[in-house]
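Both complexes shown next keep chain A, but they swap its partner, so chain B is in the first and chain C is in the second.
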Partner chain A sequence: MEFDFGYLAAQWPALMRGLWLTIQVSALSIVLSIAVGLCGAAVRVLQVPVLDKVVVGYVEVIRNTPLLAQLFFIFYGLPGLGLRLSLFWSGVLSLTLWAGAYQIENIRGGLETVGKGLREAAFSLGLSPWRFFRLVAAPMAVRVGLPSMLNTSISLLKNSSYLQAIGLAELTFVAIDRISMDFRTIEMFAAICVIYLALVLTLSFFASRLEYRLNTPFRT
Partner chain B sequence: MTKTISAGRMALSALAGLGFAFHAEAQSLPPLPEAIKSAGLLKAGVRCDQPPYGYKDETGKFAGVETDMAIQIATWAFGSADKIELTCVTAENRIPQLNGKKVDLLIATLGVTPERARVVDFSKPYRWGGSDMLVAKDSPIKKLDDVAGKTVIMLKGSTQAKWFEDTMPKVESLRLNTASDALQSLKQGRGDAYTHDAATLIVIAAKDPSLRLVGEPFAISDAAVGVRKNEAAWLAYVDAALDRMKAEGLYAKWVEKWIPAEIRPFYTDAFTKPKPTAR
Partner chain C sequence: MELLIKNLPFILQGIGMTLSLALATLFFSTLIAFMLGTLATLRFAWLRIAVKIYVELFRDIPLIVNIFFVFFVAPLFGLELSPFAAVTVGLSLWGSANGTEIVRAGLNAVPKHQWQSAAALGLKGWEVYLFIAGPQALRSILPPFVGLLTLLVQATSLGALVGVTEFFKVGQIIVERTTMMEGWNPAFTVYGAVLLIYFIICSTLSGFGRWLERRLKADRSRVAPGTSVVEQPVTQLP
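Now for the complex of A and B:
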């Protein structure tokens, strides 16, 4: 069977609808997971009693269980506990929880580089722990952690393809769904690989721009 | 006098018996193609989640009518029911499994469609299958048209997915990977109805009092064995084997073996009667 561009052209609108959903669910989850990461890292570094143990437990559970199992738990398991989320929000929740755990570690890694001296200087200037975190530690940590945060975000974007398993009509779903009807395997998988590649390269481009901007004070 | 008659009758029935034996002899199969023969066993793709056609029983063993068909072909081809390697296939991966040579034939609730005929060859049909919908017992959906504007759960790549897309494109669909995902989602209220092969839904409805069948058949299609394109000798062998199953009355035997009496008539019809007309 030769490669049929005509078929791809005919499926293009469906692929674009899938892409749009992939972008929505990923963008939302990336933003939310970074928020989770910042909060979780703050809790860890400021050693908030009880909560910091909760964060440690959360990170371990998420990092040591398969994403697909987490997704099925959220989609099929939570309704049994009385919480029935829509397809879209089940997807956002699972990706956010998954990536959030990694973002906590990424940002915490960045925070480790904020020296003890700075901390003592901040406290001696009368900054509260929270203001120290917000004004001194977090901005520095994000700069350092940015490359690994980008890594996690890229993984999140690619892992959004898992959501096809619960029937969310994102990019991979569209491809698999069409393949199961039309059997144009090579065309569809080639198309979505190219689209994912373009998406990730775009994301990397904006992240490197951001990195450049954040480093402005350190450039001579 | 009476004695002579009964002797004559006996002679007649003996003759008839001979005739039958002769007929069965005529069902002998064509030679097995070398490519299959050299493997030494039959690699067959069957369903594992579609009772009563192909499924796994409580002990995890392959079961069902189509599974028995595959085992029968292996028995005829290699002289032993053990000379078979069964692979679970899904609606979504069955054709790739066949064309990727993981299996040599599919007896896997495969409906005959033009799209599929483009990529695989079909044997002659061995039964027909229709579609139906499963809904909650108290659902307002009473007939097919009632799902307009509602969400219908279906499997990716299923006959029903194609049918709804072509016939009722306005219906919202939730497309999942397995029958158990679909059933779970229906019971959790993620869709208003779950559409699939009637044969599968009848089994579920019989077991689960919270659900009922809508009962309007649609998308009637033939089920056939799938083999790779351009394997004419193998296809001829499979066709001959299917003829022999029919001639020897094996379908009725398997239907009786795998299907409880209260839901059996539907399946008996599907294997032995011509298909009905419907949308």
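Now for the complex of A and C:
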């Protein structure tokens, strides 16, 4: 079987539509998961009485169950409770919940490097917990936690391919769909591997640039 | 609940399949990871680069794509892989890429003076690896490897997508069967239970990993409490 570039060219628009959906889902979920991470980490660090335990439980559950099972639970299971989400939003929700748990841990890890002394100093200066979090802890924690946060975001992008299992027409879905129709297996896999690699490598390149920039005040 | 009891043998079969898939993958991943991880610490730059490419390639391509790739492409080269074998190969490629990084980092974490002392005592290269660096590196390698095992157990659920009847697939089949034969949809309960069982398996494993980590860390200081031993840097020796 020859490698058929003409076939790839013909399928290019479909692949690009898939890619666009992949990017949309991932970008939205990355933003939301960082929001989840910030809230969860704040709860953990400020030791809010009951919520604290809830967050610990949430993180443990997400980290110790397969994403695929979480996704199916959300997409097929939640309608049993009367909560019916569209394909797109099921995907966003499950990716957000999945990555959110990791982001909580990443940000918390960063926050732990913010010493107790700083916290006491901030409180004795009369900062409220919220302002301490926003003005002192978060900027420092983000710098320390950033590499792992970006890694989680990149994993999220890769894991958006899980959504093909529930039938969201993202990049992997498009490719598998075409393969089962036209059997141009090699071409399709080569195409999506290259696209994913390009996405991930571009992101990690920008990640390392960002890390470098943010560390500027701390570099000696 | 009734559903659970009726399907118990089927479910146990699925869990068995999941575990054997995870163990097979762990075996191959460990084998490859230790080989490549060791190679990556050797002096040859081209070896390091080759290993790096392998690691990046399989870590950067989504695992699903990887598994589908093995599943769909192997037959084109005349290799008729069963779904089980295809998933094992796909997961092993991914697992070994992650494991290689763990092994490499573990070996690199062994202090430089250990290597130098061993070399100064006239140990051969392989002897240094086997008797000096290896055992010390193992302490920092083992806990993340247990973490990798939990990830592998979770990743075996992808086997469902290419038709391995492992635990997750069993859940799927039960949902479909009940919907068709009894006319009600137990998705919420079944997938909830599936999550629960994965959680039990994986949190046991990660608990074991944490215990191992504490244990290995505690062992490191073989000094009676109260006395402090400051390790002298090699460079300061006369």
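Basically, the second predicted complex is superposed on the first by the 218 of 220 C-alpha atoms of A that agree within 3 Å, B and C clash if a C-alpha of one lies under 4 Å from a C-alpha of the other, contacts with A are read in each partner's own complex, and residues count from 1 in each chain.
The working rule: a residue touches a chain if its C-beta (ideal position, glycine included) is under 8 Å from a C-beta of that chain, and two chains touch if they have at least 3 such contacts.
Worth saying up front: this structure is predicted, and the values here are computed from it rather than measured.
Visitor: Check whether A:Ile23 is in contact with chain B, with chain C, with both or with neither, and answer first, second, both or neither.
Guide: Neither partner.
Visitor: Just checking: does A:Val61 make contact with chain B only, chain C only, both, or neither of them? Give me first, second, both or neither.
Guide: A:Val61 contacts chain C only, not chain B.
Visitor: So, does A:Pro79 touch the first partner chain B, the second partner chain C, both, or neither?
Guide: In the superposed model, A:Pro79 contacts both chain B and chain C.
Visitor: Of the two partners chain B and chain C, which one touches more residues belonging to chain A?
Guide: C
Visitor: Between chain B (first) and chain C (second), which, if any, makes contact with A:Val48: first, second, both or neither?
Guide: neither
Visitor: Taking the superposition as given, does A:Met181 touch the first partner, chain B, the second, chain C, both, or neither?
Guide: First partner only, chain B.
Visitor: So in the superposed three-chain picture, is A:Ser161 touching just chain B, just chain C, both, or none of them (first/second/both/neither)?
Guide: After superposition on chain A, A:Ser161 lies in contact with chain C alone.
Visitor: One more residue to check, A:Leu87. First (chain B), second (chain C), both or neither?
Guide: Touch status of A:Leu87: first partner only.
Visitor: Once the shared chain is lined up, is A:Val200 touching chain B (first), chain C (second), both, or neither of them?
Guide: The second partner, chain C, only.
Visitor: Where on chain A do the contacts with chain B and the contacts with chain C coincide?
Guide: Common to the two interfaces on chain A: residues 1, 76, 79, 165, 176, 179, 185.
Visitor: Spell out the part of chain C that touches chain A in their complex, as residue ranges.
Guide: Against chain A, chain C makes touches at 57, 60-65, 68-69, 72-73, 76, 150, 154-158, 160-161, 168, 171-172, 175, 185-192, 194-195, 198-199, 202-203, 206.
Visitor: Sort out for me which residues of chain A touch chain C in the complex.
Guide: On the chain A side, the touching residues are 1, 60-61, 63-70, 72-73, 76-81, 158-162, 164-165, 172, 175-176, 179, 185-186, 189, 192-193, 196-197, 200-201.
Visitor: With touch defined as at the start, can you tell me which chain B residues reach chain A in the complex?
Guide: Residues of chain B touching chain A: 91-92, 95-96, 115-116, 118-119, 156-157, 161-162, 165, 174-177, 181, 184-185, 188-190.
Visitor: Would you pull the chain A residues touching chain B in the complex into a rising list?
Guide: 1, 76, 79, 84, 87, 165-167, 169, 173, 176-177, 179-183, 185
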